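Each chain gets a letter, A, B, C and D, in the order it is written, and its residues are counted from 1.
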């Protein structure tokens, strides 16, 4: 099969590899769509721990089951599936508490083992979720980031009538906005620098501003639920200043390990502000799929570009330059040129 | 002023009473709309504890501030307001824990003191909430039952992706459905005997069935959040059977004190089902107002009938016969005949 | 090896079986102690679903690792361990939500696969928890029921200052009492018919009464956290009547599937009472072990009798007659007679 | 009556004032004990907002009811009471949500109105809690800070089996430790510079270290519940580094409004750490009283010094120098010299 291989940090190749065969508890999936996200950039750059170079990246994938291991009872060839890429160890302290996303030996399909930027991928049957027919492969390949968003809301636990502020309206911020708009909010406000992304946020039903200061001016009493979807320390600090008494600030964006944010402990005490994080999917893949299957979310509209496997390197550059909201690699696309086709 | 007076159980009169004057911490409100609900029937019948006959009923009210007591700082004449009718004592054990709705000496405007089926009503300033201009008096007079519904959801705390079943689609059931539809549900199903009410539920976006059995057949794995909005023991028992493992059954309907429901303790244990209740408004009036002000809810559509003060007795009969979803008494309506005008 | 085998319902045998060998992800444990509990009686009687006759019962076990499968990294021969017997499938809906104890295909060591009433048992390495040296094998074999109790408290989530009532002071009720006494309670009251068990409850620090009515008389305002530890419907109904406004009733005891309890829906509504269940260990084995390792709990004192494998049948009778609080089978005990030695 | 008066920032006087009379909803209390805490220092210095100079400070008070207003039903002359000093407005946004401690117009007995460093104090009946006879006035006067601690634990919501670290073992830190030790902890560790305070912590049952680094070395996997009881930014930053994955950091100490702490957003994300604050009593006075009445807490031992009204200025200096854990002003003490008597 053809597959994108990260041979080493900085080294993207498209190689021919042997077709994978399923282990007893695995299925093999023919990949129909696999999304690129920020952590893929870090894998390309070699700045993410836990990657097993050389390996096939790709953790936002959907496709069709083409082979089934001997012990697999719930799936059969032909099933349309999306994959939760999480591979918790099951025995570390967080795993034993049920906090699988905080696993001390966390593996990820597309980082610690081969992933979805390939014609085929082998993965544990328990990681594959059957897509009902109304859910497209494109939507299926968006379930992983959306499940992260749903997990974030499980952490946030916003009561009905909350006022929301989401800072950053990239693919993730837009999904956060879409979910916020559907959780009986008092209002939902986006902050985003790029006018076209603000326009998308507004189309979804949010109010949008270019700066946090502008957003706060429209609601001086502050927001009950504030979410950072940038990972930028300066944005987090500004976001903190907009939290209403009793409110919560969710750090959803991924900062660098060396970053620091400067927060006022007096406000955390006096206004009983809660600052919390959300990491990965946890147990949210199933509810994310329920939500998408229910028809209220139209995630596919976030896919602005599609490429074939040969287009992976170019897709990486599109993402780096902030030109694509979400690019899907479609292995069946024959794109000798590797040119991304904008949708 | 003119006012409806319950002189004694079974004795409805329209009397002329002295216009109320505000105590130091009170405002006087000219009533623009006041809704009738099931507990008013119980007050008419004399089957609700805590009523101070003779008194003016009416606890779902909105109107205009026409006088302000000496110590009132936040309100002024001309403010458009709706009232939270709750009068917790502030010193009993539940009040001191913050559970004001569980107050052991709970008073209610329109039961323990005079209420809103009158031209004017005096009430504590802290019970009056200013309506933003986009919220009509009709919507304002629906805030009290809607706040009960919001409080019920605070108790239920449904995570995103929950499947909902609401049994009973009267005014309350329909509000529960409307809120469920806006809390990122997997799906929302109504059970209701009356076809016209099922039609309203469907117009809101829910699926509707005539029996619980039919509803369950469409989702044999059960529902994560089940709400009884009938108060009928047989309905509660059927509802219990539809709860999915790990799910919750909210008893929102008000049963008689002597009623009993027969539940299987084994299922509560084995499937970790939670059965819980929701009583009155609690601290949910403000978020209810935020939700309505935000524009997503169109509560006024539930008002099927309006009458003047002279029409109160007839409105009571309409409600008893299940012909009205929600009737509003509009004191300024001149309705010599007392005929209810259907909308 | 020698092992107790339930050949079929009602048929207890002690057989010689081949010594088990570890699968790749398993360890083999030499059993030092294995407790008998109520569900073992149901397995003997054939009234519990999911048992795979003939099989070796025993799910409350501790012992020493004597062999390690090829893929096992965290355990080595000589480790002292206790076992969480839970075998969730990992792919059903509750498993995917993280509610492993509600698994639709729940397996249990000692019911669906061979368990601990044997000289040796093979079990997945992930189910084995290393015991620190201060935790005896006797305490280790009590970790499973204690973990159920800890899970029950995770469900109950009692705030500091809660008043507790526990109905039933068998081995389980006594553990519930011991944990309640250590969660900053206002007070802890036990209800238990047997005077000697009341005496144990009092020695732990609880107040004890023979009837629910007596207990309620001492606290007419009711209890914030009420736990049924009998599984008897009449006891559950009485327990329900003692719950204070805003309080919770935990059904910990296991009723028969056909049992029904009659509860007043009006009280669930008016007093916002929550009735909830707790099933098995969930993710509580690790915190249970932390608690016991910390030294505050002296679970071993609950072990009133010990027998060898030949004494299993007699131990079953002891339990049936309510004469033993907890009996441990110690496979190394040579007890030709099978006589239980009371401690 | 004689009373301590803060005439202006920096100006402590003992004056003779008219004896207070009760308003309709008030009681007058003869003060038996009133504790000094850090916020009194700020009131002396004029660095706390909301103080109404000249006024009588003192918000940790207990005494005997000597007069009762016309509308007061639940209290009578002779009742022994302690006071919750909170005076929320009841109508601001947080008050309406039930978050009375986050009131935007928060008043406090002993700051916005006259308090307990006086022979008598008038206060709303709803703020007075009757002490059962086994609770001394000394314990009663410690209920306010202890209720803050209980409220902090309501915010923290530690599950059974949590490992605790408390940084700072002043009067507050010691109360936090005492409560942590009674919430079924895995272990409880204190960090405190002063050896004598470490000794008190150890006497209570905690392990104690002089530095955070030492404490962390004993538990490298980190602590589930970390509480800062210093208000010192450097201590908060160190405390943050000790939080285990999935753990919580409670900021209980009161920093200056201008202080900033530098935290790693990556860790908040990756390890899903929650940072939260706790402010004042909230609804925790009643459970705090229940806990003390239950007999498990011996708060009086924290009272290291007692003085009369004339000794207030000296007590302030004792506190500033960190020589007293808790000083109680006992108005009946005749202390011409004002000398503090150490206990």
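Convention: a contact is a pair of C-beta atoms (placed from the backbone, for glycine too) under 8 Å apart; a residue touches a chain by one contact, two chains touch by 3 or more.
Predicted model, so just to flag it, every value in this text is computed and none were measured.
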Determine the set of chains touching chain C that also touch chain D. A, B
Please identify which chain has its centre, taken as the mean of its CA atoms, farthest from the centre of chain B. C
Whole-Å gap separating chain B and chain D, where each centre is the average of the chain's CA atoms: 40
Provide the C-alpha centroid distance between chain B and chain C, rounded to the nearest whole angstrom. 44
Of all residues in chain B, which are in touch with two or more distinct other chains? 93, 97, 286-287
What residues of chain C sit close enough to touch chain D in their complex? 150, 153-154, 157, 159-163, 179, 182-187, 284, 286-288, 290-291, 293-294, 296
Write out the stretch or stretches of chain A touching chain D in their complex. 93-94, 97, 99, 101-102, 104, 155, 221, 228, 231, 233, 236, 244-246, 251-279
In their complex, what parts of chain A are in touch with chain C? 74, 90-91, 93, 96-98, 100, 125-126, 129, 282-283, 285-287
